[in-house]
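Heads up, the next two complexes both have chain A, just with different partners, chain B and then chain C.
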Partner chain A sequence: MSFRYEIRLSGAGGQGLILIGKILAEAAAIYDEKNATQSQSYGPEARGGASRSEVIISDGDIDYPKATNIDLLLAMTQEAVDKYAAEVKDGGVIITDSGYVREVPKGKYKAYSFPITEIAEEKIGKKIVANIIALGAIERLSQVVSPEAIINAIRARVPKGTEETNISAFKYGQDLVKNEETVTPSA
Partner chain B sequence: MSSRTYMMQGNIAVAEGAIDAGCRFFAGYPITPSSEIAEQLSKRLPEIGGRFIQMEDEIAAMGAIIGASLGGVKALTATSGPGFSLKQENIGYASIAEIPVVIVNVMRGGPSTGLPTLPAQGDVMQARWGTHGDHPIITLTPASVRESYDMTIQAFNMSEKYRVPVIILLDEIIGHVHEKVTFPEVDQLEIINRKKPDTTPEEYLPYINDESLIPPMANFGDGYRYHVTGLVHDETGFPTNDTDQIEAMLTRLNSKLDKYLDEIIQYEENIVPEAKIGIVTYGSSARSSRHALRLADEQNIPVNMFRIQTMWPFPTDAINEFSKNVSHLIVPELNLGQIAHEVEHAVRREVEVLRVNKITGEPINPEEILTKIKECL
Partner chain C sequence: MNIIAGLSDDPRTKVQHLSCYYALQFLHMNFRNLDILELGITSGTSFSEDYYNFMIQVGEDFRELTRVYLENLINIYLPSENRPEFFVCSVGTRADQDDIDIGVITADNSDVANLNNAFQKITQDMLVYATPLHMYLSEHVGKQYYTTTISEYKQLLSRKIQDVVIISELLNAKFILGSTKLYQKFQREVIHKYFYNPDKEVRFHEGFLRGILGEARGLLIKPLEREAICPKSDALRILKSILYAKKTILNIEEVNAWEILTILMDKEPGFHSQYELLFKAISFLETFKFLLQLFVIQDDTFRLKEIEQRQLSLIADRMGYESVGTVEAWDQLIIDYYRYVKEVRKISDSLMDSIAVHLINVSVFVDLMSKDSWGADGKYKGSMPKDFIKTARFFEGTKYWEDLLSLLQSDEEVLDTFIDGFEKLQEKEKDKIIQQYIEWAHYSPLTIIRLITILGKKQQITLGETVAQKMNLAFLKYFGDLPYITERFCRIYSYYPQYMHEYLQFFPEAHYEQLDQIISRTIHDEELTEYLDQLKELCKIHKWSSQYFHRFFYRVINHHPEYLKALTNHAQLAKISTGMLAMVDKYPDTEHKKQFLADYYDLEFLRVGISTMRGVDLNITNREFTEFCDNFMRKLFDICTEEVERESKAKVPSTDTFAILAAGGHARGKAYDDDYDLIAVVDTDDEVVIQYATRIVSKMNREILKRGVLPHYRLGEILNGFVSPISKITAYLEAEQEEGFIDLSQLLGARILIGSDIMKSIIYKKILDQFIFSNKARYITRMVDEIRSRQESVGQCDEESCNIKETRGGLRDIEAIALMLKAFLGITDPIVKDFFREIKIYLPDLAAEIDILSQSLYNLRTFRDLYRITVAAEDAFNPDYLSRLSTIFLQYNHPEWGDAESIMSQIRTTLDESSKSCDTIINYLLEHIK
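This part shows the complex of A and B:
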């Protein structure tokens, strides 16, 4: 059985979840030469409304491109974590933004709460890079895609002229995990 | 890694496949979840001497590609759900006037505006019978990004060779999923162009009923003046009310594909000798099914699979043959059983046909198919 790692990125439309899904998948597939798929589910609204993006990473063929047994969940709203926490596998990881998520449902996963949006505003001065900060935390906690590959994919995917800002946001995200503030995993 | 390796979604692969097939005209009206096809071609076509036009609606877009094709240019339109309904009238026109065109429908939840951003496979019967009257049509159903590219090239080849509208049915999942793809080099592709007349303009019969059943097609502007109409016509292209002429024309029109079924009908089979259960499926539901097959295999349950690639003309004989070694067939699809009916017809009700259906805008979870497999044991 080949290795299959499932990531769900969830929150509200406009939070950039589809973009970081594309960056992760491209990093894995093109720069790390694994297989990856990225798919999405969103409502008819341009902003707001529930949005999610899913990335499957494997060393073999990926038949079903949707998550069924989640290894890592990023939840950028309370609604998202309430809805999807139950689909995270035992021993899996949940990352939430403490600015939006007060409480993570109990379960056999490791839950991490980080002030993602707050750091985007304080350190970068731009709330819009919160998704890339989350990507830094995802890289550290999943360790399925190399940081070099992600940085290459960020350069290829973000608007011209914003590359360095985004790479610095990515590094702030990685640092969040190094100075880990863990919400105790519930047994 | 090849220089033609990309992380790409199905919709963009359709646009790139169209370009590599020689398409140089696109007319359309944007609609989710197909808009990326138009967006990509609005950038790409002008770069290579092609034309992109956003029309006032889907009806006009369908008319525009018919006009472009009559002028000798390979032409594409792309739409979804409500837009596909609007195109039906002119699809009938392309069918009776035998104008090669390719129509992409990225299926979303219906009816009407339905579920604009969510996947469905509810337009499979509309692709066959959406326009009125008996008519020939070819429909292809890709299940991956690479296949979206390949089938777009095949769609152009088939439309050119058989002078028939070809519909490519993606669904939202195949249209939007990003996967790693490597495209073949362009000089390795087989590209088919329409047969041109070898007669003088004076002798040219635009709808000649010869052995091939496919009349040669002159471009407008090449000096071959002829009449094009949605009315039933004779070999000259002018309308007729003569019963013999009507019969000759409609018989040729409706049997022209029969002569070439072996090259039109494509499917993929996975056969395990000891299996007593078979799955028949297509598009994104084939992705769910393949995963279900893996889950079944882990539990030592052998299951066969038949993936429909050419939806219309329907692979009736091949499915009948596939059914002979099994006691149950399962048909997973994102509608309420449109193709399950066709499968029942194909197996002449000699094998039990079970359905796995979903119309809520979610894909079929492989576990749901596994549950159905276990019900057959």
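This part shows the complex of A and C:
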């Protein structure tokens, strides 16, 4: 029986959600040899600042490219979590940035709130890598793509010379989940 | 000869008599053996056997002649009562007549003055009257010039492994005259140290193997000369090195190469056929070399241009070759020479692997690197890098470490322990140990290159300055100052291009300055010039290309390292690609087809990418890129259709009802898009047909993804499936949702990839005509709204970033204008290269503006393509990286963009002009659709 894992990455334009969607899909398909689809919002959808990317990962064929039963939702804004939380399946995961999301709607999912952007600014000194920190947390909580594959995909995607910063950000993201006291599940 | 010696009592006269007799016998011996060779060739059936018999006979005759001559001279100069215990052994090739290599070994250094005196005179006489005598073994060892004691050998060789040439000569030593008892002692105490004996110390054996394999590999990586043949360095030395290695592993006492090969055939039946081939090869090569020395010149290198054709014809004739048609006998001889040389090199390379397996089993390093010996807790006690280098000191100067490097590479735990050992050292000590590694590899840069590569690969995600990076910098600094380092790099590249490629994969950008200094030096070895050019190109690709490009580059080279040498030859790469595409149809099974198709895609990407880096015009690269992408998609469709047909045993929908369209950049012939917008449509609501079509697209999706291109099915996602029925599309468009406008634009800009003319006309009629062309005012108005709305939120081109797609006047605006013009004029053709030129005819009032847009599109895409190949697959340019583009522009096609500032200035001007033209065209269109 093949598995199917659906991830939605949501937030505002400029938060690099499309990029991490691409990284996740490439990591799964190229380096972990799974099947994947990735879609993204653009044009009028992105107008007003919203941004969304979806990744579906499977070890079998993917016949249906749309995410309908979400396993993991990353919400980098309050609007995003309000809009998409209801689509997360029972037992699914929601990750939010505590700097931007005050409240997660109640539901039968595991919610994790991490200071993603804050860490990007304070530890790395670059707000722009908040998306990669979130990717580290996604890797730990989903366990659907290997960290090696994601690191390879990061290296292939980010501009030359910035690999080390991005890999460092990814590790910070992983550490957020490893470090139990920063995990604040709420249901 | 003893009779001749008795003709006179006067020593001088006696020497002259003997020498005259030696000369006559020498000539007679050669004439007689040549006649015997001719007889064998004329009457026999196997040339190889005749060559072998000839060489054996020549060797034996010459050895016997020199032995007797030498014995008589010793009798003259050294009366038997004054002789210490000694023996003379011959080393080197027995049949070589240009010199005689011997060793004179004594029991100790007492009473050896007379013996040295005698050999001094003998050497003089032999030089004047006979064949020069060389005392190679004694010259380099001990206090005396002509003689050496066993203890001197033992003392010298026990310190470290020394020059393996001396050890090889020792292993090759054949007793000539003197004390057999002393010879046996010499064999026991010196020579046998190098034979494998599991009950005794193996480091001498291991050291010899590391040395001799390093020598053999050194010769293997040296490219063959173009204008000269050198049987010795081209093949014989390599072959003999391997034989000596095997001799010590399998305890073979024989010293003659043919005898060793005969025994090896018995002892290693798995390699029987290879040994047989080597037997033939050595017979041919030794005979050819012997005749060249006899008829042309007593040398090891024979320059073909300097050899008269007559001489070569004579040798060919002696070796049994005849002219066939227009092919001269000597031509065939030379062809056979290279055939044998290639065989020897190929077989030797594979035999080296078998020796490496033995090495890793017996090595003194095994205890160090084997987890079994680490202790009960499974942890290494001590510091592995320190212990390793300490043990390795004995082996200093040896060059073969592939076995241990392979072990390090293949065992994660050992590698982690090795790296961890470095990390635990204080910075100062770490630097010291790293320096010791660099100096240890003084004679073998390849070893350190491999080590750095292994460490670099393991540490690629390690943050901060890694051991690999430190070692690399120390390596470049140390080796950068050594003479002939450029040549050594070229030789490594010539034989192991893949190793250089792997090394460069983990090469820190900051270290290129040192590397550039090494590879930019002038070399005088013409044989290596071609490789230096290739190496420079390889470095350039690694240094100046983006990770996006590397993805394809690495994939191609990892699958086909042989293509590395074709990187400088664009035409050759194109031929290989064409062949690969042809291979797709050759295989019956779809898995093979997919693999060839994938290789074709990657190689074409690499080829077109390199051409972009070489400044090839945008229109050419975009055309070539689109062509190979289309080829890929069409073949992939066929393969996936075949799979679905086979799996479902049903006929899938025909292309009269099913079409796949390229949308977005691919539809417009734009190169280097990192995603692939696709629209799959069926002109039916039949669920079975939709299901089959979906399965085909799903399979295609998987393969496209593997190429690192993300397929997007925007319309499919909205309509809940990879494949959208036209009825659903029209219903969706009729609903006039806000986002439907994007899909409508995608459809207008789409280019049909798979699908018949029937489908093309259905799409035109049911979608384009109905929703766009019949109501173009509505479409254009919406597009104008979209442009203006987007422009409100886009940023400016500033010093930190410049998005050439989204900024006003950028690619998105130009493409939107093109779509509006298409709608306005009712054009169904895709927006490719000549689009603007063609529409200008219908819109003369806008000709100037359209020209500006066309030129703007050309400029921005030129920058975009090169940025993607050299920096990153991003539309937002970081000005800090524009120097990569300017270097290429300056070198090739646009000197006016030869610095980053000029590029930024051109981008700003282009965006500004384009933006103004866009506004003018928008106004014109709005006015004319009223």
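To be clear about the criterion, the second predicted complex is superposed on the first by the 172 of 187 C-alpha atoms of A that agree within 3 Å, B and C clash if a C-alpha of one lies under 4 Å from a C-alpha of the other, contacts with A are read in each partner's own complex, and residues count from 1 in each chain.
Criterion: a contact is a pair of C-beta atoms (placed from the backbone, for glycine too) under 8 Å apart; a residue touches a chain by one contact, two chains touch by 3 or more.
As the structure is a prediction and not an experimental result, all values here were calculated from the model.
**Q** Check chain A with both chain B and chain C modelled on it and let me know: fit or clash.
**A** By the criteria stated at the top, chain C and chain B clash after superposition.
**Q** With both complexes superposed on chain A, which partner does A:P159 reach: first (chain B), second (chain C), both or neither?
**A** A:P159 sits against chain C, while chain B stays out of touch.
**Q** Between chain B and chain C, whom does A:N35 touch in the aligned arrangement: first, second, both, or neither?
**A** It touches chain B and chain C both.
**Q** Would you mind checking which one, chain B or chain C, touches more residues on chain A?
**A** Counting contacted residues of chain A, the larger count belongs to C.
**Q** Once chain A of both complexes is superposed, is A:I151 in touch with chain B (first), chain C (second), both, or neither?
**A** In the superposition, A:I151 contacts chain C only.
**Q** Who does A:I167 touch here: chain B (first), chain C (second), both, or neither?
**A** Only chain C is touched by A:I167; chain B is not.
**Q** So, does A:E26 touch the first partner chain B, the second partner chain C, both, or neither?
**A** In the superposition, A:E26 touches chain B and chain C alike.
**Q** Touch test for A:P65: chain B only (first), chain C only (second), both, or neither?
**A** Both partners, chain B and chain C.
**Q** Just checking: does A:T96 make contact with chain B only, chain C only, both, or neither of them? Give me first, second, both or neither.
**A** Once the two structures are laid over each other on A, A:T96 reaches no partner at all.
**Q** One more residue to check, A:N131. First (chain B), second (chain C), both or neither?
**A** In the superposition, A:N131 touches no partner, neither chain B nor chain C.
**Q** Could you tell me which stretches of chain A are touched by chain B in one complex and by chain C in the other?
**A** Common interface on chain A, chain B vs chain C: 22, 25-26, 29-30, 33, 35-40, 42-44, 62-66.
**Q** Give the list of chain A residues in touch with chain B in this complex.
**A** 1, 22, 25-26, 29-30, 33, 35-44, 62-66, 68
**Q** Mind pulling up the chain B residues that touch chain A in the complex?
**A** It comes out as residues 1, 5-7, 32, 116-118, 173, 176-180, 287-288, 290-291, 294, 298, 363, 365-367.
**Q** Where on chain A does chain C make contact in their complex?
**A** Residue list for chain A touching chain C: 22, 25-26, 29-30, 33, 35-40, 42-45, 47, 61-66, 151, 155-161, 163-164, 167-168, 171.
**Q** Would you pull the chain C residues touching chain A in the complex into a rising list?
**A** Answer in residue numbers: 460-461, 463, 509, 546-548, 550-551, 674-675, 694-695, 698-699, 701-702, 705-706, 708, 710-714, 716-717, 720-722, 738-739, 741-742, 786, 789-790, 793, 871-874, 878, 881.
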